[in-house]
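Each structure below is given as structure tokens.
In the two complexes below, subunit A is the common chain; its partner is subunit B in one and subunit C in the other.
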Partner chain A sequence: MLRFVIHRFLLMIPTLVGVAVIIFLLLRVIPGDVVEAKFMSGEGSGVSAEVLQAERARLGLDKPVWEQFAIWFWGVLKFDFGISMWTGGPISEEIELRFALSLQVALMATIVATLLALPLGIIAALKQDTWVDYAVRIFSIAGLAMPSFWLGILMILGFLIIFEWLPPMIYTPFWVDPWQNMLQLIWPALAVGYRYSAVATRMTRSSMLEVLREDYIRTARAKGLWLKLILVRHALKNAMLPVVTVIGLEFAFLLGGLVVTEQVFNLNGLGLLFVQAISRRDYTLTQALVLLVAAAFIFVNFAMDVMYAWLDPRIRYR
Partner chain B sequence: MNERTAPAPDLLLDVRDLHTEFATSNGIVRAVDGVSWDVRAGETVALVGESGCGKSVSALSIMGLISKPAGRITGGQILFKGSDLLKRSEEEMRKIRGREIAMVFQEPMTSLNPVLTVGRQITEACEIHLGHTPEQAHARAVEVLGLVGIADAERRLKQYPHQFSGGMRQRLMIAIALSCEPALILADEPTTALDVTIQAQILDLMKDLSRRLGVATLIITHNLGVVARYADRVNVMYAGKIVERGTAREIYASPRHPYTLGLLRSVPRLDEPKRERLAPIQGQPPDLTRLPPGCSFRPRCGYAVERCAEEVPPLERVAGTQHSACWEKDKLPVRAAKPEKVPA
Partner chain C sequence: MNRRTLFFAAMLSAAACLFAPAGVRADEKPRSGGELIFPVPSEPPSYDAHREQTFGVIHPVAPHYNGLLRFDPTDPTGTKPVADLAESWTVSEDGLTYTFKLRQGVKFHDGNEMTSKDVKASYDKIIFPPAGVVSDRKGQYAVVKAVEAPDPYTVVFQLKWPAVSFLASLASPWNFIYRADILAKDPHWYETHINGTGPFIFVEHVKGSHWVGKKNPNYWDKGKPYLDGYRALFIKSSSAQVAAIRGERAHIQFRGFSPAERDTLKAALGDKITVAESPWDCLLLVAPNHTKKPFDDKRVRRALTLALDRYAGSKALSKIAIVKEVAGVQVPGTPYATPPEELEKLAGYGKDINAARAEAKKLLKEAGVEDLSFTFSNRGVPMPYEPVAVWLIDQWRQIGVNVKQQVVEAAAYYATLKKGDFEVAMDFQCGYTVEPDLDLYKFTSRSKNPSNYGFYEDKVLDDLYEKQSKAKSVEERKKFVRQFEKRLLDEEAHYLMTLQWHRIIPHSSKVRGWQVTPSHYLNQMLDTVWLADGPTQ
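So, the complex of A and B:
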């Protein structure tokens, strides 16, 4: 098991290096650069070519691409992501709070989704083709059909109209005031988590149905085990493999992909920062963000691999 | 239905006029259609027949594991130690499963849970039925692994099913079945999925354990060779009904039903001169949703007469303990053979 974990862990490194190279090159292929975006947006005139050139030189953009990459990558190795080409502030500062916020929302949404999906999926599978199953399926299809930003708007309007109350709209970090923080973030977590639970519920249901038909479940019943024990010990562990995949990938996606929902709840998270960074051609910031989200994806994949191995000994012993 | 008097004292399991049906999209399937048979304490009884004749459904009916709501038992009695299992609640049945009646399944590759250690899968029944502590259950697991001939028990118990071969897994299934010292083991095609050489080992093991521990065994099989060597008594099933019954010796010496005769002719034998080819039974097992009137075997039978198309032949005594459900049972060709020499 330990060897497996170390092996998988080391495999993360080449993947991350690959991501770094690709994002660096891709950004340079996109037409326009940060200097043009800064000086030529809107009116698009009044700035001489020399000024642009001087600005490029200041940012190091006049150097050959390989040299720019070497400088940047050396910094990344030392966890120094440089300064934002747009604001001039250190990137770690730009990202820090927003990452904390997005990570917290993603974690909370994942917890909400898991707490909804597992019980609902299991009960739907057990009561297959009864009204319980249909109710769960309608609930989860509704979740799929409603975009979470729209659900978010409904929530806010609902609070406003029915309770004449608004959740806090200014972000308070958890370590400053946990109560205020939760009061703000629980709503986006619910809105996102509900939608996210829909896929996981259906996956749990179908996976559970499949497992419940397995021969070893019949064996467990023939042993005279309690139904609960059969479910928890014999069925759940087997049924969890595909569910872990869905939940893990969705979690990684939530870290960077919640642009509109963040807007609805007035959250200044990674999603908005991402959009801004790209439209401003802020190379260093975009690179850092992509690398961060890629690292999160890769780490979640690693965690899922370890989870698989823990769930299924056949993977562990290969 | 008519209530009979108390069963003979040594009857462990007495199945009377059992009916099990399944609702399918093509109509009602009478998988088990009025079947009666019994098992005495410590003896080995065989239920023989082709796929889909109702053998496995019979076993699952006894265990109360017929999949609901499609399948249901519509009539009859299953008397175990004198009391009717069909009248028990689900919770009472749970206490009987694994404790009093254990089951060994056909597919050892898929019948063990791949994500649990073998030890966990053996000990859990003892913990639940006998109230064993984990230590006691572990000791019992080591003991039963010894019984089924798996060496190095301490290490093996920590392993997972995929680390065992097919034959070893079937030994594990038998170990699980034995763990709570049941009175009866239902073995549903225990060797069908195994290599021929391993089949004999597993059957020898089951026979030996049955003798040593006094566990009664019901072997469900389609292989009459198996029956010859390991069963005391045989019930031959066809299309949900028992068509012939008797001791293994009687059935081998002189089968009195064309279906049994056909089954015997389709098994290769070493004690007879080599024939050019085996004689398979012609045709397919019947569609249970639309059985022909009269005898179900008639369309495939070489001895059928007019009466077979009209009336269902009853199961009647031929000689000794042998019974046959055939109108022509006295006119069938005699087939002499010693059961001991039929290869497994």
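So, the complex of A and C:
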């Protein structure tokens, strides 16, 4: 098992290097650059070509692409992602606060989704084709059909119209003021978690239905084992493999993919930062964000692989 | 009362409505205390206003600074320069020397006294930036020969030629006064730090989230500011900004809302909301590319402007978009604006749209392009580019012109314009104050001005620009501005004006002492702003 873990861990490195090369080159293909985005946006009087060139030189954009890559990649190897070309601030500072917020929302949404999906999926499977099953299926299909940002808008409107109240506009870290933190983040976590739970509920239900038809479950029931024990010890653990996959991938997606929901709830998260970085042609920030999200996906995959081995000992890795 | 008197009375009342002071009650005594909270739809790329272009710098950062002059915060046209760090000034008889006496005892937030060497260093950075330092508006100070500091409380500007707009240039909201010692050590220091003489002291900037300032207890203007502090919330989504005001988590957004957003807030909050409106010194323009046929033919360009029913367009578009006033090259109601009855004489501004369109069709026939069709490049920004483009295309269709719209992503848009890779395109201009030197420069020849996306050369227009800039009196300047306008919009139709933007600021009725102006860059020092106890409407 340890050898497998180390092997999987080392495989993450070439994947990340590949991502770094691809994103670096792709960004250079997009028309325009950060200097143009900043000084030719149309609101100002226009800056001379010489000044624009000087600014490019200051940011190192006048160097050949391979040299820019070498400088940046050497920094990355030392965990120095450089400075944002738009703000001039260190990338680590730009990302730090947003990452904490996005991570918390992703974790909370995952908890919401798991708390909803597992019991509902199991009950629906156990009560297949009864009104309980239909109710769960309607609930989960509604979650799939309803974009989380739209649910977020409904929540905001509901708060404003019915309660004349709005969640706080500024992020307060959990360790500073847990109440304020929850008041702000619980709503996006519920909106996102509901859609997320819908996917996981349907996966849990179908996976449980499949496992409940397995021979070993029939044998256990024939032996007269207590149903709860059969479910927890024999069925659920085996049914969890695809559910863990769905939950893991959704979690990684939530870290950087909540662009519209973040706007609806005015969250200062990674999704919005991502969009801004790309539209401003902030190469260094975009590169760092892509690497971060790629690393999150790779790490979640790694964790899932490890969990597969734990959940199902039949899985043997060499 | 005769008809002429009635007409002027109507014009005066219309102007009063346009520039209605919001939240200003002459009989009220300002109340101290409270924190003003306002969303800002953009965020400062750096903190150095000398190099940046976005209002995202001005709104959160301006309250930390003073300029040498400023625009009168009570003037609804935002065009009257008044003293700020300067106490008084004199102008030499030949108009070439401006001497400013500075206030004494003004302290930077770090405790150092502000003197003339700070003003000189700040203006040297703006006008004569050292290598590697970007000064976005350097070109506006080409008239300045030298800045001198003969004693600690006197600053002298020597000009190359007399410039009637010079005081307005010095009142620019971008010209923060920085400390000379700091600039000498590191001219980039102010890009990441704050140290001004303004009414509020910097507390924190949490990137992507908010900016906080607190009252400067040692502010030189005793009794001000009234607020204990302010908090700018960086909120990009307009629906979230509206929700913030509707949920009373914010008092005001200083840039502007759409008519629909104004109506939503007013319907939801009633008297708790006060609406301030003004013509806005921003404009969408149509740039026919003179290097592409048939747009090199002025008959075709005139036909395109004659097709536009601006008055009907104003009625329809002002209900759904942030555009309203029919205007020439100056914002209606401001000192150099052309009166409506004179404006109507320009091509495309007449009230008889049928006659104008008949003439447009005739011109197209004469030019041999009766079945004209072209691609109109538009910027990928919904408000107001989208509705205005739809309106334009419909107007041109009514003279038989078939137009296909091509929407270019916002970030790549100006690169497209710069390359001249278009037939006809939407262009944009927005000023920090209504001033002919600033507003007309864009329309001078391409060889003088790289932001001319019509790609034309017009020496007559360039000459008129110089004449208005160097005019010796307001009346003389008005005459040249009118001639410039006639040549630009009528005789040559180099550019087509659409409709003036309209600034709509629905804000909490608690906000007092703030005057809406045609510029979202002005009146952002917040020294005169105060919060009333509750709604008073």
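To be clear about the criterion, the second predicted complex is superposed on the first by the 311 of 318 C-alpha atoms of A that agree within 3 Å, B and C clash if a C-alpha of one lies under 4 Å from a C-alpha of the other, contacts with A are read in each partner's own complex, and residues count from 1 in each chain.
The rule is short, and it goes like this: a contact is a pair of C-beta atoms (placed from the backbone, for glycine too) under 8 Å apart; a residue touches a chain by one contact, two chains touch by 3 or more.
Just so you know, these numbers come straight off a predicted model, no measurement behind them.
Engineer: For A:K223, is the partner it touches subunit B (first), subunit C (second), both, or none of the two (neither)?
Structural biologist: So A:K223 only meets subunit B here.
Engineer: For A:V17, is the partner it touches subunit B (first), subunit C (second), both, or none of the two (neither)?
Structural biologist: neither
Engineer: Between subunit B (first) and subunit C (second), which, if any, makes contact with A:D215: first, second, both or neither?
Structural biologist: It touches subunit B, and subunit C stays clear.
Engineer: Of the partners subunit B and subunit C, which touch A:L183 in the superposed model: first, second, both, neither?
Structural biologist: So A:L183 meets neither subunit B nor subunit C here.
Engineer: Under the stated touch criterion, which partner chain does A:I156 make contact with: subunit B (first), subunit C (second), both, or neither?
Structural biologist: second
Engineer: Once the two complexes are aligned on chain A, which partner has more residues of subunit A within touching range, subunit B or subunit C?
Structural biologist: Here the partner covering more residues of subunit A is C.
Engineer: Is A:K237 contacted by the first partner subunit B, the second partner subunit C, both or neither?
Structural biologist: A:K237: touches subunit B, not subunit C.
Engineer: Should A:L26 be classified as contacting the first partner (subunit B), the second (subunit C), both, or neither?
Structural biologist: Neither subunit B nor subunit C is touched by A:L26.
Engineer: What does subunit A use to touch subunit C in their complex?
Structural biologist: Those residues of subunit A that touch subunit C are 30-32, 36-49, 51, 54-55, 58, 86-89, 93-94, 97-98, 153, 156, 159-160, 164-166, 168-171, 263-266, 268, 272-273, 276, 279-281.
Engineer: For subunit A, which residues are in contact with subunit B within the complex?
Structural biologist: Per the stated touch rule, the residues are 214-216, 218-226, 229, 233-234, 237-238, 311-314, 317.
Engineer: Using the touch definition up top, name the residues of subunit B that touch subunit A in the complex.
Structural biologist: 63, 65, 94-99, 102-103, 105, 107, 110-116, 120, 124-125, 128-129, 160, 162-163, 173, 176
Engineer: Which of the residues in subunit C come into contact with subunit A in the complex?
Structural biologist: Touch list, subunit C to subunit A: 44-46, 52-55, 131-132, 134-137, 139-140, 191-192, 206-210, 233-237, 239-240, 243-244, 246-250, 268, 410-415, 418, 427-430, 438, 441, 449-451.
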